[in-house]
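Below, subunit A partners subunit B and then partners subunit C, in two separate complexes.
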Partner chain A sequence: MSEIELTGLRKVFEGGVRAVDGIDLTVADGEFFALLGPSGCGKTTLLRTVAGLESADGGTIAIGGDDVTRLSPGDRDVAMVFQDYALFPHMSVVENIAYPQRVKRVPKAERQAAAAAVGADLELAGLMDRRPGQLSGGQQQRVALARAVAARPRVFLFDEPLSNLDARLRLSARTFLKRLQRELAVTTVFVTHDQAEALALADRIAVMEAGRIRQVGTPQEVFRRPANTFVANFIGSTPMNLLPGVAVEGGVTVAGVRLPAAHSVAAGTELVVGFRPEYATASAEDLPGALPGRVAIVEHLGTSLLLTLESGDLAVGVTVPEDAEPAPGTSLWVQPRPDRLLLYDAGGGDIIEA
Partner chain B sequence: MMPPVFTPAAFVRRIGFYVLVGLVAAFFAIPLLWLLTAPFDTTPAYGVQVPDFTLGNFRTLLANEQAMISLGESVILALGSMAVTVGGAALAAYALSRVAVPGRGALLYLLLLLSSVVTGTTAMVPIFLLMFEAGLIDSRAGVVLVMTGGLLPAAIFILKDFMDATPRSYEESARVFGARPLQILWHVVVPITRPGLATIAVWATVQVWGNFLVPFILFTDPAKQPAAVIMHTFYTEGGQPKLALISAFSLLYSAPVVAMYVFVSRRYGFRFHGGIKR
Partner chain C sequence: MGEIFDFSPIFESFDRVWAGFQSTIQLSVASAILSLVLGTILVAMRVAPIPLLRAAGTIYVNAVRNTPLTLVLLFSSLAISDTLHIVVSDVPRTNYYWFGVFGLSAYTACFVCEVLRSGINTVPLGQAEAARSIGLTFAQSLRIIILPQAFRTVIAPLGSVFIAMIKNTTVVIVASYAEAAAIMKDLFEDYSASLGIFIGFAIGFMVLTLPTGYFFGWLAKRLAVAR
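Up next is the complex of A and B:
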């Protein structure tokens, strides 16, 4: 078993910046877990603290039930893949992959054979004698992964493992990474600022802001029901509509239009009404529970179009099929799906349960 | 295209420029020419002349026991100081590069300033007294210590730059795999900073190889004097320089330094700043 348990973990940098501010988190054995957040939210610091490269200023870290908070990185039985891969430029691929075993004083022939086997699994068989400088970005990334695999750790820690690859390669590397993690079934924590990457790879995601976790959940939970407006804003490849509204009996009004919604707040309470552009339909005629607007901007997303409508002072986004492109200036009505409508507290931004 | 047109004035200026450059080149080349011709001349003189070829001067030199011993002493002193300087400077530069010591910039510059004093002429009297009190007169270790003391600051200064240019993620990666600080230094930092270490090694060796004053003062026993000091004893009783011996000795004395420069330059390229060729 190698679950990771963080309790009240804190890391404060000189100058009082609380990079990690009281984190309680449990990553299950074998889970593929994403730390997601904007730059500067403390996600990388949290990962480095788990690795032992930063010392915790408070709280505890346990791996597989053992308290490792005060252990040095090498004694925690973790392997880390760095954003720049940190491959040793003076060593060949096979020497790089065999390095964790070299530190453990495994005999040379044995560790090189093991490295060759791991390398072959990661499609590096023909490259074992090259230097890292002679490899492409994708190959370097696989060497870094192979080196982590060769260490046979209890936990993998990946710091932005895909961000140094170009966009095309990133997609295939993503699939590769997910398959590798499934096969090895080693508890894995990875850091990313790319919400699409987190949604695609992770079993569960922790969304972070300013050193704190704002929501933990499966990709589906985080995407469908963001726990607050911060997560709502951050998740999704199209920005979620977050419109000011007022509660009424059995619904909310947005810009004078009544939308049906189940809630338990008093009528007249100010709210934020959220719905994704994908969870709304655009129609050419007025429907009940539809917001009127004029098409201002049309963005092509491939199989769909993202329309931004001007509705009074508000901007409302909606996606439509690729073959239904309206001319700018067209009047349309946007009808959110009632079962995908989310209500948030206007002050704190937390979700209001039905 | 128009052919280039020279006005007479420009033509004269150009000729004057080449004559001047030629003179400057000759000024530096003639001593070197002497070094290449005189050792092979039966009657070497102060001037450069086409040699009346002979290897007799080298036979005289090889027979001169004191001269040969002095070359051995030079090797011991130079390699000893080089080893201590490179080892000490590598450890110190690594520490200074990785640990934020308050005022380390000022400390380094101060050390650099003082280092030119330590092996300089002005400090010879206190150094002699210090070594005398420490019982290190006529001791090779003493000379190595004094030379190392003078070389370390500049070596640390240059090596720190190489260490700074090594990405921390390399070391952190090794740390996570369980490498201890000395393993990290040996497996990762030393190989990556090898061009810097090689530069420092050659520079330190050459500094000691060519130093006259420190061994001259700290060795009273002529048998321990290195080549740089021995050379000034090659005079006849009448006070005439033994040019045959001096010229052959000079060539032999220069050869290792030249060979070392060529070797390190070919292998690593001389660099006094950090940076990694991936």
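Up next is the complex of A and C:
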């Protein structure tokens, strides 16, 4: 068992920046867990604190039930993959992969065999005698993974492992990484600022802001029901529509249009109405519960188009099929799917349960 | 005119000139090795996580580097032999040779240390963190990960330090050890000063220093770290 349990974890930098501000979190054994958030939200500091590269200023870190809060990085039985890989440039690939075991005094023959096996698994077989500087970015990334895998740790910690790859390679490396984690079933925490990456890879995601966790959930939960407007804004390839509205009996009004929605708030309460551009339909004629607008911007997303409509003072996004491209200036009506309408508190931004 | 460019004293006393340069080479080789070792120890102290070691390294480097070499050499010979009464060898010339080597190394080690320290600064921080995260101690990560990379980036500047050191051997006369420059002074007295002797010895030093520079330049290219 190697679940990770963080209790009241705090890390305060000089100058009083609370990079990790009292985090309670449990990552299950074998889970692929993402720490997601914008730059400066503390996700990397949290990962580095778990790794032992930063010392915690409060709280505890337990791995597999053992308190490791005060242990040095090498004694925590974790393997870290760094964003820039941090391969040792003066050592060959095989030395890079085998070195952690040399530190653990594994006999030479054994660690060479392990390195060769892991290298073969990660498609590095023909490259074992090269230096890191002679490898492509994707190959370097696999060497960094191999170094972590060969160490046979209880926990993998990945700091933005895919962000130094070009866009095309990132997608194949993502699939590769997910398969690898499934096969090894080692508890893995990875940091990313890319919400698509987190949704694609993780079993569960923690969305962070300013040193705190704003929501923890499966990709589906986080995508479907963001717990607050911060998460709603952050998750999704297209920005979620967050429009000011007023509660009425059995619905809300946005810019004078009544949209049906189940809620228990008093009529007249101001709130924020959220729906994703993908969960709305655009129509050339007025429909009940549809917001009117004029097409201002058309963005091609591949299989669909993202339209930004001007509706009075509001900007409303909606996606339409790729072959239905309207001319800018066209009048359209946007009808959100009632079952995908989300209501948020206008002050705190927390979701209002139906 | 002919008298000024008269190289005959060099050839007439070539045995003495050659002996002088042999002494210079012996001083240089021993001091290069010793200063490299000392400089590496000093830089390890200067980047160590122990404040006391760091302070000791910093004080040593700043004190010795900012003292004229002549004083360092005098101190080396006077303090060691006259005050501490340490005798390295029963042969006086060998004894003075080592005082010269000690003084020159103590001085040159400061420059080696500072060059290495700038090399350490070129090694990305991630390297040290990767080393820590796989369980290397500070000393191990310095020896296995950081210094090998640092050395490779500063080979060319180290060459400059050693070239300066070779030329600095001419000051060792104050530690009572006669090397090439001392022989040159003798020749001046024996033959009355002439530009020929002067140029002859200058060429002799270039024969030592130019290849040193080329060698370090070649080594730097050969061992360059590709990231």
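What we mean here is this: the second predicted complex is superposed on the first by the 354 of 354 C-alpha atoms of A that agree within 3 Å, B and C clash if a C-alpha of one lies under 4 Å from a C-alpha of the other, contacts with A are read in each partner's own complex, and residues count from 1 in each chain.
As a convention for this text, a residue touches a chain if its C-beta (ideal position, glycine included) is under 8 Å from a C-beta of that chain, and two chains touch if they have at least 3 such contacts.
Note that this is a predicted model, so its numbers are computed, not measured.
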Worksheet entry | Simultaneous placement of subunit C and subunit B on subunit A, clash or fit | clash
Worksheet item: Should A:F88 be classified as contacting the first partner (subunit B), the second (subunit C), both, or neither?
Response: both
Fill in: Contacts of A:A206 with subunit B and subunit C, given as first, second, both or neither
neither
Item to complete: Applying the touch criterion given at the start, work out whether A:L162 contacts subunit B, subunit C, both or neither, answering first, second, both or neither.
Response: neither
Worksheet item: After lining up the shared chain so the two structures overlap, which partner does A:L53 touch, if you call subunit B first and subunit C second: first, second, both or neither?
Response: both
Worksheet item: Which subunit A residues lie in the overlap of the subunit B contact set and the subunit C contact set?
Response: 51-53, 72-75, 78-80, 82, 84, 86, 88-90, 99-100, 103-104, 132-133, 147, 151
Worksheet item: For subunit B, which residues count as touching subunit A in their complex?
Response: 167, 169-170, 172-180, 183, 187-188, 191-192, 194, 276-278
Discussion item. Which residues of subunit C touch subunit A once you look at their complex with the stated criterion?
Written reply: 124, 126-127, 129-130, 132-136, 140, 145, 148-149, 152, 225-227
Worksheet item: How about subunit A: which of its residues touch subunit C in the complex?
Response: 51-53, 72-75, 78-80, 82, 84, 86-90, 99-100, 103-104, 131-134, 147, 151
Worksheet entry | subunit A - residues contacting subunit B, complex | 51-53, 72-76, 78-80, 82-84, 86, 88-91, 99-100, 102-104, 132-133, 147, 151, 157
